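Look at the two complexes coming up: chain A is in both, with chain B in one and chain C in the other.
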Partner chain A sequence: MTVLNTVEPATGLASLRRSPLADRAAEFAASSADGLRGVRLSEEAFLTQVNLRVPPESPALLAGLERELGLALPHRPNSVVGDERDAVLWLGPDEWLVIAPEGRADRVVSRARTAMADSVGSSVDVSADRTTVRLAGPVSRDVLEKVCSLDLHPRAFGAGQCARTLVGRVRVALWQVGAEPAYRLLVHCSFAGYLADLLLDAMAEFTHA
Partner chain B sequence: MLLIHCPWCGARDEAEFRYGGQAHVDRPPDPNAVDDREWGEYLFVRDNPRGRFSERWVHSAGCRRWFDVVRDTATNEMSAEVPSRSGRR
Partner chain C sequence: MTSPNRLDATVRPGRIDRTRRLRFTFDGTELHGHPGDTLASALLAEGRTEVTTSVHRGRPRGIVAADRTEPNALVQLHGDCPEPMLPATRVELRDGLVAESLSGIGWVGDRPDTAVHDKKYVHADVVIVGAGPSGLAAALSAGRSGARVFLVDEQAELGGRLLDGHERIDGAAATDWIARAVRELAEIPEVRVLTRATAVGCYDHDYLLVAEHRTDHLDTVGPHQSQQRLWHVRARRVVLATGAHERPVVFEDNDRPGIMLAAAVRSYLNRHAVLPGRDAVVFTTSDSAYSTALDLLAVGASVPALVDTRPQPPAHLVDQVEAAGGRVHPGSTVISTKGHDRVRGARVTELDEQGCLSGIPYEVDCDLLAVCGGWSPVVHLFGQAGGSLRWDRTAAGFVPESSGTHLPRVIGSARATHDLAGSLAQGLAAGAEAATACGFRIAAPRVPPTSGDRPNSRPRPLWLVPGMTKPPEQWDRHFVDLQRDATVADVWRAIGAGMRSVEHVERYTTISTGQDRGKTSGVNAIGVIADALMVDSPGEVGTTTFRPPYAPVRFALMAGRERGHLHEPVRTTSMHSWHEAAGAEFENVGQWKRPRYYPRPGEDMDAAVQRECRAARTGVAMQDVSTLGRIEIVGSDAPEFLDRVCTSGFAELAVGRARYGMMCGADGMVLDDGVSMRLAADRYLMSTTTGGAAGVLEWLEEWLRTEWSELDVYCTSVTEQWAAVAVVGPRSRDVVARLAPDLDVSSAGFGFMEFRETELYNGIPARISRISFSGELAFEINVARWYGLATWEAVAAAGADHGITPYGAETMHVLRAEKGFVVVGQDTDGTVTPLDLGMDRLVSRHKDFIGKRSFARQDTARTDRKQLVGLLPLERERLLPEGVHLVEPDVPLRPPVPMLGHVTSSYRSAALDRTFALALIRDGRRRIGDVLHAPFEGSSTAVEVTRPVFYDEEGARRDGVEHG
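Moving on, here comes the complex of A and B:
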């Protein structure tokens, strides 16, 4: 009888996985440009993403959750609390998305469950649901405005804001992470290729001097 | 293209929304107690006014919440948006 080697869960599986846009990295680099009219496209793979659904009418529960997570939950629609490393995005009146570095999902979920032990609510690791596309550079807003109907002018949308919206034909969680401007687009994995094609096409007029 | 005000997310493009038909159509509490005509009217028959009309929309590409609006079917002006009372998904 053959004994199959079991894959060691933490390291073994991590070495096997591939992000949806892993094979496009060289193409992204070649299509990006620096400078005053520059825009850069890249993938930030495997960010930890945890979806929280919490009844918003319970301040004690929200306070406990914030204590466990070490981050405030944004209550203003379309806003983000935190930085690029650790953040919470407002997704809806009772829905948030916790962002953390790779591999932290179990910790975030267990802490959220501790805080919600006596309450209804859910915390789900959705890290594999979406990949993150980063669009940055002085003209990145111009690029995005070609494919998104949101008003992205700084008077209406700035760093620390997010929105679930349509970019092209796909649903994306759009998050402005910096004033440069720089954006993160959290897109469902199977639509990542479409989004990359769409953004590369929109970037072409700026990067092909 | 309409610019629709989601009560949560603010003004968004119509393409982010789906239409949910007439608002405040309540399911009969005891379906067995109504006759075929009443049940048929509940299922299929809706108002079709020229003018103000209460209807439901869902912000499907955004916060995914249902809400009610009053839309003027002649001018497409929308008003009185409150989070959906009917709560149907």
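Moving on, here comes the complex of A and C:
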């Protein structure tokens, strides 16, 4: 916790922030259900997200980045290294997304730039670009299967895997964070309302049974 | 109170629940049935033989089939969501059902359909379509391997044709074997079984669409329960066990009620305990109808004639039928029927070796004529997937060509293997093989012993029983397609008109274009065509193309949940709630909702826009500009890259400064525009138009990845990382000074097209730039998106005592047009170069860029192209409609009128106190000062051509005036 506190913005400033789904938290809670056929929807706002673009053919650069960030970069396509708190998502052959607790973006960007100094590559803070929608519960895969054409069966997609895909008509980065299953859907903020509507609609057969 | 045609339970129990009685209404009459009935079986039980009249000829028609091949008994369901044209054979009976008969199309309700339709996407190793004996066997062997197996069947129960007969498997009734299979499949975690689910499409790479009926059979349905679900199934191996459809035979008056398919009669007898007639003539070309005859005899019906086209039917079958009291007429055919609202008798005669009629016709009285013209394998899905078919003479049907691995595997009756033992063996083998191919090794299990099997000796197909007298051109009561009322005479007319291909003949005659898509008529039509063309076999005529859907699918099911507010995403900015609360009117820009204007009580759009414009020109105004596209372009080659994609130079731009840039396509036409800032030596932030953001990013990526992969440049979309407020007007400096106390906002300290990183008074980190899309002194405040609303509110508060006015896109358009600033996509349309817009200043002569070479093309280089000009209507209040064309003043307005160009933007200006417009006019710059005419709404408006700048042409207002 102490680590978190040091990076948390001043309370005054934090109170000025507003996440795209902030006013829907009560609705999400009311529309969620626990139990064996349960599924829960929530927003995890303000996560630090830094987009890294690095040519994969420079092992030295990658190693330097990993040292500087204190995190390994996943090399297996669509995989994640790390946990829900600190993680790196493989988004493409030369693209990764660093996830960290809120308020860390400047630090991550500057470390990445230090590692990349005089080398090719880019690191860009995209923390405010997307918000994170969390869908969790025993039937959450059933819910996602109504709106996403990816193979989410545990044999094909499990905890620690991610994919950029379409959910309904929205592009998201889908990240399975737990075996329950639990998913994070990283979505561009302007689409968050639509995504929430879509997921709530898909959940209704389970939560309003 | 029992239904007249319902057999006693001691004779035939049937798969119905006699303890429950269901009431239903058909054509206004209350009737009864039981759970397990279809509407068709209940109607037959109640003695309803005639159920409709035919669509064109008005002839009485009855139920023919027991499955979805039914051509006649289409019904209209009433209820909250009326549904037209359902085959009664596919409507499960439920209490309170209200149906009416249809002749032709039905009707839909006038209220919106409230039923829920949804979709589901699943992936499976092995998908098996059809759960008859072969499909069930395939599911068992594949399921036991641990592979992901998906079994779909369109009936309510698994088992297919086994439910109609008396076969025995493994020493017990086939239904016991089915029950065991169902239990076993239910216990395998990776096996999913769908009933009431029809595979309607089979596409490339083993992709299927399956339409599942989920609630039709239920008495109550929850509000969120989907009535139908469309399953998108991606498989690694597809096994088609789709069975076969029985064909009728084409003879004179072959459409009378009481003429049914033989297997359908058997199905009604055994599955529904319904006897459709007491005295049955059975007419067949093969063995299978003998089972029908035996079942009819077993329940006490008479079979005065079993008419078999074959001169020597299998003796054991003949013996069985005759021992049971029936009479077999070998080497014979039914040539016509008598009766009106139902069949009363059949005329029978002999066939000679060539298949010609011979002997003396005789009549046999009957009230049921059970016909089997042979079996057509259900190869629709195989055909959809690209499989080719061949005519199999032995089976007398089109069967799948042996296929490569990329095509679905077809088993059982669908490949003309009609015997039970063969079907089970093929199924067990195909399931094991498919699972093994997916990496789940398993050997095919032992084939269980069977008895009571369907015999399978060679048929003698007969497409068309000749009429007794007239030539075929006049056989207009020999029905080929009952649903379309199309006859042999129609086919001959088509052939007489020169058609040869089955596809042409079917389109000409409408055969196979009904709701049933020719499931009973298609192959017969091919046979009739083959006869007419005197070719050797139907194989030489060939089939029509099989296209999805196999069975009708509701549009509502295709739409799924993507209706209403889920139809299309609506994108909103972080300040949207404020705009809504302020009563803004919105406009759609792509998927974005942008405020168009903020009307005050009593104001129309014109008044609001005029007020907002005055505020921006004389005081201070603010606009949410968050929707603009933003791309961060990073890398040591970023300066070079921007130089290559933009018409003007960016390599020389100093860090901390911004520049307007334009992008062209390779054709030299304007693609997009925006201001780019240089954040660092190797880092730019490019802005794009709201609508162009995604396209520009793709454009940049395409060049980087396909042409210039050597460049060290990465592009990252940051459109939504930022929220932005434009603060515009002569008083904007005061407002920004209050907002950003650390910032020197003087024109000396903060020059035009510069930006600063700072903190707002409340601590919010901000990047503030001095850019202007209005010609006025203006600032753009960029903050992280989550601070957007707070920042907007802070700007509003800081400007409150100056009367800061929120304005929308409409005002922004007026302000920019007054200055002659173009909007890409409004003032350009893909045929406009920067030079056409008079932007020579922005087109570098010193460097190459995308599109530059196209400026040397003859057509782009000529000087009389359509060019951007201004227009001032001579009547100051006259507003030109956008899009209106301009012509020479003296030209006669008789088509073709030579057009000079069109109005691209047109507004009423508060600053000019008049209307004005921008237009693209041929050779426009040379016409400045001329008067042209804009004909519209029945009159012609005279306009003066001007330079496309109406306000502050010298740019004196850009830096505003210094205050205090």
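Basically, the second predicted complex is superposed on the first by the 196 of 209 C-alpha atoms of A that agree within 3 Å, B and C clash if a C-alpha of one lies under 4 Å from a C-alpha of the other, contacts with A are read in each partner's own complex, and residues count from 1 in each chain.
We adopt the following convention: a residue touches a chain if its C-beta (ideal position, glycine included) is under 8 Å from a C-beta of that chain, and two chains touch if they have at least 3 such contacts.
Note that the coordinates shown come from a computational prediction; the quantities given were computed from them, not determined experimentally.
Put chain B and chain C next to each other and count what each touches on chain A; the higher total goes to C.
Touch criterion not met for A:36: it reaches neither chain B nor chain C. Of the two partner chains placed around the shared chain by superposition, chain B is the only one that A:92 touches, whereas chain C remains out of contact. In the superposed model, A:165 lies in contact with chain B only, and not with chain C. In the superposition on chain A, A:149 contacts both chain B and chain C. Look at A:125: by the touch rule set out above, it reaches chain C but stays clear of chain B. Of the two partner chains placed around the shared chain by superposition, chain C is the only one that A:17 touches, whereas chain B remains out of contact. Looking at the shared chain after the overlay, A:60 reaches neither chain B nor chain C. Residues 149-150 of chain A touch chain B in one complex and chain C in the other.
Listing the residues of chain B that touch chain A in their complex gives 8-10, 12-13, 15-16, 61-65. Listing the residues of chain C that touch chain A in their complex gives 118-123, 148, 222-226, 232, 234, 561-562, 565-566, 568-574, 577, 592, 632, 634-636, 712, 714, 716-722, 762-764, 784-790. Against chain C, the residues of chain A that register as touching in their complex are 10, 12-13, 16-20, 23, 45-46, 51, 53, 120-130, 145-151, 153, 155-156, 168-170, 188-191, 193-195, 197-198, 201-202, 204-205, 208-209.
Contacts from chain A toward chain B in the complex involve residues 77-78, 91-93, 95, 149-150, 163-166, 171.
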